[in-house]
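Paired with chain B in one complex and with chain C in the other, chain A is shared by the two complexes that follow.
Right after this comes the complex of A and B.
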């Protein structure tokens, strides 16, 4: 087995382990450690790290979990991630988690935070509100206050003070991780045949369950190993996949898109790994630095409010240009309100620039990939044969 | 001049072709059809590819672009993969430049593809997942009836009182056939009934892809089934679809032909773009 294959095999094992054994073992390895679960698309993980905790990304049950009890809590027109997350909870797969953070992504996840409080009263549940106003005086002061509250909650949970120094250190640790994540993405955009998207996806998923330092070492290792590995380059079309920032597509969907003749050169899977676009200031007031990064230096997604309508979709066009993509695939979870409501506006922005796109929906347990292959395959062909370039 | 290869990995057979392409002119050098017959199709495709190279007296590195289609995207030695509709469309134009639709009838499903004079897909429709309108179903029934595959077409044309089978579900269709056998319906009428049902479905597909201005080229494994072709002409007359339905002795190669020719096009296009990474593209080494 090559070194790349060994890294990917480790990531795959972590991805498939719905009992989160690695995180359990980390917690048991030393007394006083806490594990804080969080849902997509973003939480300030630095606060958890500074509390001596492990930030555990909970991204639903995927296609390996049979949802039995979770379905009882939601109507049929609600997406699958809250159902499978509840299933993870009621089947004791998350019984080692000390707190759960529910970011402001949509009504469903907000309501899930309330349900979690009722269903798991011993677990500290917190709805993480983020600013909708992007001025420092209004949204900034609000978010600093929110971050302060969260810091107090985590400190009480961990039984230790979260000092500014500890927080600044955590920011630096995550800055390093984000820089490596950006490097992996840049490498894939440049050499997509050397870093297949299924591999990159698993690598990023590993960051959801491993301590950040271990994940950074893994990213460094992968970059080094995959750059040296010879792999055949195919005549594929280069695409950006967008719309999957919350409920994750099955791994087979990502593989199907690439098998159908597309190289995925950018995506929005697990945005939390690279939410801040550049280093967060690791000096000065750490809460102000985190707030400033959210307001002025973070990625865009449908779940983040964009007050200037003229800028709608600009980030997607920039992603296309930055990655040298030839088209966009909108892949959104069924019933994902933020993604599906945003899509027409994004499509309009692409159409105005003559950037081709297709769209389809999935659920985290989608099993039938033939329609996806058909759409992605014909899209790749149309780019290769009929695009103006 | 360059050489390109097209490999169409189908459910029933692997078709491999090699072309010599010089500007707009192309010369067909090699064609091979290898029936899968419960073998590993990918291993078979590799064997077929090596045999085709030997026949053409070429080495893998002589081939500028190895294009796969059908289920061939997992072959390790391909340069690029094209979806079946794209390749059948191009193959139909190669076989008959007047084609403005391709009707691809393979082992697992049927597709109606409306195309323009360049072989660009304008619209398409395909049968659902159910195999009742497919070559695999026809092959199964003929085996149950003890009829060799190459006898199906001629025998079907002898049918004078066919009964149609279910066009929705292969299980229901097989039940229909069992009932017919028990009622003493002749094999000729059973086969013609199946062909008529398939033709009805395919004609409806053709009607849904939009206004076709030209002829319809049948491609895929069943394109040369004369019973199906006759049933198609009958069904189209009944549905008042005034389009000539044609086939070609090389219809079965349409996908592989299209792949090889699109591969040549891509090779030239990438070269024209002076893509610095063009030389890195996977070769069949």
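Right after this comes the complex of A and C.
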């Protein structure tokens, strides 16, 4: 097995393990460790790290989990991630998790935060609100106060103070991780045949369950190994995939897009991995630094308000330009309000620039890939025809 | 989200022998007056603010002499007039997903079709979109979509969610700061009117007076029989206080009239008025969660009152503010009071608080059962309702039922299914009364 294959195999095993064995073992390895679960799209993981905890990304059950009890909690017209997350909870797969964080992404996850309080009263559940006002004195001071409350909650849970020094250190550790994630993305945009999207996806998923230091080492290792490995280059079109920032598409869907002739050169699968666009200040007041980065230097997604109308969708155009993409695939979870409400506005922005796009919906357990392969294949062909014309 | 001031749908039969109460006539006048002002806004040179029902800042809006237009209300009116179905299809044709909130699509479709208001006159383009972001994620996208269409100024008022079931000082000061630094300056700029806090205080004082009478009316349903239906009738009662009238003298008068009328019904031992006149004997007292369906509003109501079911409390009548738990707008702390109001709206409360409130209603209003009308396109209300159902059954020992429909999309109202379900539910309540404990109906 090549070194790249070995890294990917490890990631795949982590991805498939719905009992989160690695995180369990990490917790058991030393007394006083806490594990804090979080849902998409973003939480300030630095606070968890500074509490000596492990931030565990909970991204639903994928296509391997049989959802039996979770379905009893949701109507058919609600997306799948909350029901598979409840399934993970009621089947004790998350019984080692000390706290669950539910970010402000949509009303489904918002309401799930309260459901968790009722269903799992021993677990500390916290809704993580983020400001939609981007002035430091207004939204910023609110966010600093939210961060302060979260810091107190985590400190109590961990039984230790979270000092400013510890936080600054955690910021630096995550800065390094985000820089590596950005590097992987940039590498894939340049050499997509050397970093297939299914591999990149698995690498990013590993970051949801591993200690950040270990994940950084893995990213470094992968970058090093894959740069040296020769792989066949295909005549694929280059696309950005967007709209899958919460419920995750099945891995087979990502593979299908590439097999159909589209290299994915940017995506929004796990935004938390590179939410802050550049390093967060690792000196000064750490909560102010985290807040400043959120307000002024973070990615955009449907859950975040864009106060300036002229900038609506600009990030997607920039993503297309930065990655050298030739088109955009809107892949949204069925019934996903944020993604589906946002989509027409983004499509309008793309159309104004003459950037082609297609759209489809999926569920984390979608099994039928043929229609998607056909749609993506036709899209890849039309991009080629279009650019040849 | 949604409140109403429903008027009779086109083509619906005139209720037999129903004498319109003074309050109904008053409300009708108020609504048509507001639409008339909106329709002549351009010729009259008046500015228009569009905003939402939850977190509706009508007292503040009035300080700037601007008109308040509520897209949710337009969607409801269009739903009741059977126009929403076509509007929704128009929006879907233009690329809006079949999965998202139908209020949004009814609104966007209406705009595409000429933006004619419920009485067929053109509604004005807004000069400001006041994005009071309270209790529903969709609001943010809805107004971004409208901003895309109208190219007008937008003021975002982010109201934090009560994730831990509490309003903190930090939340209040965040909202107040936004009012001071974002909302008020934009309203001044758009309207050309300088903000006068004393004017706001006066408006708030009037709100509090109306709220007092409104709460009295809601609480009248604790009597047996209840003189009101707190859901189907309730949507009329919330009309003024949830929309463009809170803080006006008209609203004060409306609630005085309403209170006097209900007091009379109470004194006479009468039940609620329905579209077909006085309701028959009260057989089942229900608490209802979720918005109503508007396209078949009267059919839906009839399914209940025909069987003697009266709604004694509902959560829908709390979307634009919860007053029956003690909150009143307070002129002594005007901006803080607006912040507390926004923070306290029903869907801005977390699930445990929503369930606690329902449990309280079940007990205080001595309900026989709990009914959820789950709305397909509203995640804010609907996500989590099945847990809510179990919890209420567990805590109160009373049977609960679950039906599904949509707000304004007629494709999702299935009368036969709903009727069957309600009938078996009422049987279940009977069996429970007789001492049997049957399984859940839904």
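Of note:
Methods note: the second predicted complex is superposed on the first by the 387 of 389 C-alpha atoms of A that agree within 3 Å, B and C clash if a C-alpha of one lies under 4 Å from a C-alpha of the other, contacts with A are read in each partner's own complex, and residues count from 1 in each chain.
What we mean here is this: a contact is a pair of C-beta atoms (placed from the backbone, for glycine too) under 8 Å apart; a residue touches a chain by one contact, two chains touch by 3 or more.
Nothing here was measured: the structure is a model prediction, and the numbers come from that model.
In this overlay on chain A, chain B fits alongside chain C without clashing. Of the two partner chains, chain C is the only one touched by A:336; chain B is not.
When the two structures are aligned on the shared chain, A:3 is found in touch with neither chain B nor chain C. Judged by the touch definition given at the top, the superposed model places A:160 against neither chain B nor chain C. Taking chain A as the reference chain, the count of touched residues is higher for C when chain B and chain C are set side by side. Once the two complexes are overlaid on the shared chain, A:146 sits against chain C while remaining clear of chain B.
Angle at chain A (Cα centre) between the Cα centres of chain B and chain C in the superposed arrangement: 100°, in steps of 10.
Of the two partner chains placed by superposition, only chain C is touched by A:307; chain B is not. Taking every C-alpha atom of chain B against every C-alpha atom of chain C, the smallest gap after superposition is 19 Å. In the superposition on chain A, the residues of chain A contacted by chain B and by chain C do not overlap at all. Here chain C touches chain A in the complex through residues 94-97, 99-101, 104, 133, 136-138, 140-142, 144-145, 147-148, 151, 154, 156, 158, 160-161, 163-165, 170-171, 173-174, 177-178, 181-182, 347, 350-355, 374, 376-377, 379-380, 382-387, 391, 404, going by the rule given at the top.
Looking at the complex, you find that chain A touches chain B at residues 232-236, 259-261, 370, 374, 377-378, 380-382, 384-386, 389. The part of chain B that touches chain A in the complex is made up of residues 65, 73-74, 76-83, 85-86, 120-121, 129, 262, 265-266, 270, 273, 277, 280-282. Listed in rising order, the residues of chain A touching chain C in the complex are 72-75, 77-78, 82, 102, 104-108, 110-115, 117-119, 126-129, 131-133, 135, 137-139, 141-142, 145-146, 149, 302-303, 305-307, 309, 312, 334-338, 340-345, 347-348, 361.
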